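As written, the chain order gives the labels A, B, C and D, with residue 1 at the start of each chain.
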Amino acid sequence: MTHPTDAQRRHDPAVRGFASDNYAGVHPEILAAIALANDGHQVAYGEDQYTEHLQDVFRAHFGPQAEAYPVFNGTGANVVSLQALLPRWGAVIAAGSAHINVDECGAPEKVAGIKLLTIPTEDGKLSPELIDQQAWGWGDEHRAQPLAVSITQSTELGTLYTPEEVRAICEHAHERGMLVHMDGSRLANAAASLGRPFREFTTDAGVDVLSFGGTKNGLLFGEVVVVLNPEKVRNIKYLRKMSMQLASKMRFVSVQFEALLTGDLWLRNAGHANAMATRLAEAVRGIDGVTIVRPVQANAVFALLPREVSERLQKRYRFYFWDEHTGEVRWMAAFDTTEADIDAFAEAIKEEMGRTA
Amino acid sequence: MTHPTDAQRRHDPAVRGFASDNYAGVHPEILAAIALANDGHQVAYGEDQYTEHLQDVFRAHFGPQAEAYPVFNGTGANVVSLQALLPRWGAVIAAGSAHINVDECGAPEKVAGIKLLTIPTEDGKLSPELIDQQAWGWGDEHRAQPLAVSITQSTELGTLYTPEEVRAICEHAHERGMLVHMDGSRLANAAASLGRPFREFTTDAGVDVLSFGGTKNGLLFGEVVVVLNPEKVRNIKYLRKMSMQLASKMRFVSVQFEALLTGDLWLRNAGHANAMATRLAEAVRGIDGVTIVRPVQANAVFALLPREVSERLQKRYRFYFWDEHTGEVRWMAAFDTTEADIDAFAEAIKEEMGRTA
Amino acid sequence: MTHPTDAQRRHDPAVRGFASDNYAGVHPEILAAIALANDGHQVAYGEDQYTEHLQDVFRAHFGPQAEAYPVFNGTGANVVSLQALLPRWGAVIAAGSAHINVDECGAPEKVAGIKLLTIPTEDGKLSPELIDQQAWGWGDEHRAQPLAVSITQSTELGTLYTPEEVRAICEHAHERGMLVHMDGSRLANAAASLGRPFREFTTDAGVDVLSFGGTKNGLLFGEVVVVLNPEKVRNIKYLRKMSMQLASKMRFVSVQFEALLTGDLWLRNAGHANAMATRLAEAVRGIDGVTIVRPVQANAVFALLPREVSERLQKRYRFYFWDEHTGEVRWMAAFDTTEADIDAFAEAIKEEMGRTA
Amino acid sequence: MTHPTDAQRRHDPAVRGFASDNYAGVHPEILAAIALANDGHQVAYGEDQYTEHLQDVFRAHFGPQAEAYPVFNGTGANVVSLQALLPRWGAVIAAGSAHINVDECGAPEKVAGIKLLTIPTEDGKLSPELIDQQAWGWGDEHRAQPLAVSITQSTELGTLYTPEEVRAICEHAHERGMLVHMDGSRLANAAASLGRPFREFTTDAGVDVLSFGGTKNGLLFGEVVVVLNPEKVRNIKYLRKMSMQLASKMRFVSVQFEALLTGDLWLRNAGHANAMATRLAEAVRGIDGVTIVRPVQANAVFALLPREVSERLQKRYRFYFWDEHTGEVRWMAAFDTTEADIDAFAEAIKEEMGRTA
């Protein structure tokens, strides 16, 4: 890109870390798509031709009844979705580790008055049995009514639901009058890891509404509220606008998803990130004193190693402590993580472990 | 841009209309800036180097105490700002025609529980006298407490506040214990038209917090909450996150504003749009049966002409009826509107008027 | 009542004023009813025998489909009702002078995120024509959707809707997909003045949900959300609880309404208050310099007189300025206002007017 | 009370149960106080002489800086209090079993957008160590900021905090920038059981704001938000009104508290209820197959016995299952529970246990 601009490059584009998949930038095919949609006038607020076409893009993946509503970010996708599932007096059942519970500054409660009924889990996954800890009290007005379940695929702990597990949860929920939301900010990573089309573990498994993530898979910005059960999940357009998630130049959100989902860019990006996480896990498994503490099923690796080693490592590579108490750390791979990045990082871990011994 | 992508161009980039300045696309210098900030990893959620530098960019325009908080859109900027000005029991005084009142699906009320105390105006502008219609009742708990005033610059009706008018409003408000928000989704148009630096009619005039617009001036997306009075306006970072307006890959918002505001791109874009509106107003003033009904001070032209003429025109060019009852129409010029566009549109108006006569 | 108590009488029970009908105390028949329901245990939160019977009481007045939900106060009744009529993105059309707009500290917005679309009126009354000022924009997500109309009977300005006027509003609203709420904090005064049974201007006229007032008509406390259209107005029980309006010892609210509505206590109290207002209006009409500025149709009298006279009068009798700008005052009669009170007050007005001349 | 009324007695005043202390009615001294405050006009909404005097009543118990704001019910007192402690982005730490979490239909979230950070406990009591499970993340905008702690005295599980325990919690909270709310819907039971004046375990222990309960201790209705730290806890009057908790005829709330707290009525009522719970616990301790499962420190008894026995017992006496899974039941004593009630109930338990064996 040689067009002049008054902005300046302020960072070293060769530096990558393991802190988060949204520390990465934009995939070049996505930038190309944005440029393609540029110039001329298009109706704002979603009546453009890219957003119109986006409906076909999502229907191809999620079935003919699917409806796609682009929004700005994952918090927005989640809170818009949950508002569509819940009356004013409703509550949503979620894992204690769910992003909607721990990482959104209370947005569900504060923006929409939604009560969360949370459940502690080992691995970030709910099950019918776990859900039953909170699924009770219907008809009793003293209890916020549990009328929705929210699950995350892949979870915040890097684990996956099989299609069968999702189906069991949806059936359990539906039998009790509850609808199901899936937080899919890393849905592509899940699909790549499972080796199954999206709809097998969403639409076909009974999920009613989905937050489909793009940002963590190489987009500049953008997520999509995907309505899978339009009979039960309605009025997203009003909820999106009143929740301040309606983009004016929506064509540029929609065209990114077209670029991601028309061919296999979504799979290339997510599959690569998953593979890099696996490569990292394998590289460090042999290092004495480093333990991989959770299954590596998507693009996250959780590890235990001496705290001072982690702190020294953090001076060389960005990553986060996941649990300040135990010293557990989280390493995320992104679409742009290279094999060389992984190998160098694994080498650095070895070095710093050696300095400790 | 020749990088391959699976997305396809779906629109005719030669077609432009007069419906809204956010029907336009992205200025090429802005796209170049986005590309410049790409590649490599940058800390998400605003701790990147572009957002750090953005503070200097905004301080250069708004004074050394200014703080810049990028958000997704104008509704977000307004509602985040207003929450910072108001306690839970507070109300904001605004013109009845204000965007926060008529065009945000009730987001201030619904997201933040903010009561609007509205005032009918002739031209979209408040004044100390008008404000006094609602500025009363402090200490009376039966009345939502008027603790903020919100004005729009340039207004939704295409009019402008002079620096002196803004100052009078701010002094009036401050004397009564109210803080002042300015909705500046078209602040660049105002500055270009007034021929005055931003700070003369914002910081120096006493405005406490500002929604600074980028989208309507050539950005892909993005607005900035600019705190001008950091002693009184605090905790934007929490309000932004809980209001679902925190971009993960914020570097791409910040670098757009760097490109817009470091040199004169903001002025070129806004000044051009204003000039095109003026050109249009002048071109149609001579047409019998067409009346320009409001002062053309920024990039909007409001006109009265026979309804059937407007309806025929709408088949050729996109634009909106502003008032269904009177038939008043609004024509907006954008940064990419050309002289040829204006001349052709004026010609079309003449033609359609002629077919009526 | 001679039972000992550590509390002491701290006021002069002979003093009455004209400030508000809720400055009055409790009618002795109401206190007797409370005592009757006392002693022994009754299920809390509305499953008691008095609340069960209350359903019959309200059905006798409002028709066999009516449902009665006691709440604490009028603000609560209004906000619970409106939440039942509106989805999250809904707005309610109301007169600018409506209590829900000006006298509830923004509770509808702050507790429930409800946007008010207000209309200036001469006399506090809406009409189909006035409603149309705000009844538009359905389907446009930029506008909070007008899905309810709220009217007050008798109005905050002491005026009345005829049954025909209510019916016209309800038909107009229903044809446009809007439901109708009536704020009936003084519904008994309206019925007494109209000389018509409640249901003629509520159920039979098409009102969907009603706030039925008791406090201003002699109760200790308590209002009732009366659902008149149970097909459209649902789930009040959840809304009441989450809105903090569910009384634990509800039997004592219900038995008060039983005492009020089983015989003619409601009519005696309201009819008397109305008569006292009329007596006052007639007594002052002859006084030079005093103008009755609004029709006296219920228990309120609005008057214009010299401000200094009002201020001297206020040292002798409690009442309020209604409009600080014009000096208009409001005089309210209550169920316990006596003819002697009126005559003495009229005499005082005459005296103070005389001291001015 | 022989005054005529159209209401009828519909219940047997001799029947009492063990379901809840708010199944009881009104203490006769309270009814006498209400009658005393009746007749004549008093300013509405809290400017009456009874509410003025109430300030002295509460200062006598809670110290000279205390401020008393009567409200309708406990949910209202809690949510008004919490709003005063928390900014829009704040969260409150509470026990998982807290009434604000499990028994208010999500009112804190729904009315006020408050996020609850809950902690599982054995006995309903928090401690500095337990609080630390949730007391972290200040400055991180992704986490709703923990800025308040709420404890219940006596707890929902019938247990008590000692003054020292309250002080330790308050010091711990204050050191971390958190304020402390105490839900005292049964504060009188706590004081009676501890044998200590209220202020020792509230004001003097560092509590910032208190929900003081009256309804469960013999009032008709009414609770009081008691501000103990007026430097930090402000603007209750606005929060009370906008939260729909402002009683118009407030004199009748205030005079009840005067009657309760001026002499020793509060202590007689609460001490008696506590004694009746102890009597019950002692009476059943000897019954084979019945286990008292929690310490009996106030007026609640929690027991385990065969489920079919409980179900047979429920046909004779009202009470609730506390935990449907384990079959644990809760028996509450009230101010009007008699020794004969206890003895007869214990006898009934024995009988039903015998029918099982």
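Methods note: a contact is a pair of C-beta atoms (placed from the backbone, for glycine too) under 8 Å apart; a residue touches a chain by one contact, two chains touch by 3 or more.
These figures come from a predicted structure and were not determined experimentally.
Touching chain C and chain D together: A, B. When chain centres are set by their Cα atoms, the one at the greatest distance from chain A is C. Chain B and chain D, compared by their mean Cα positions, are separated by 51 Å.
Distance between chain centres (mean CA atoms), chain B to chain C: 42 Å. Among all residues of chain A, those that touch two or more other chains are 88-89, 104-106, 110-111, 113, 141-142, 144, 238, 241-242, 246. Interface of chain A with chain B (complex): residues 1-17, 19-20, 22-26, 28-44, 48-50, 53, 72-76, 79, 104-107, 110-111, 215, 220-221, 238, 241-249, 251-252, 255-256, 258-259, 262-263, 265, 318, 334, 336.
Of all residues in chain C, those touching chain B in their complex are 88-89, 91, 102-106, 109-111, 113-115, 118, 136, 141-144, 324. Of all residues in chain B, those touching chain D in their complex are 45, 83, 87-89, 112-113, 141-142, 144-145, 235, 237-242, 246.
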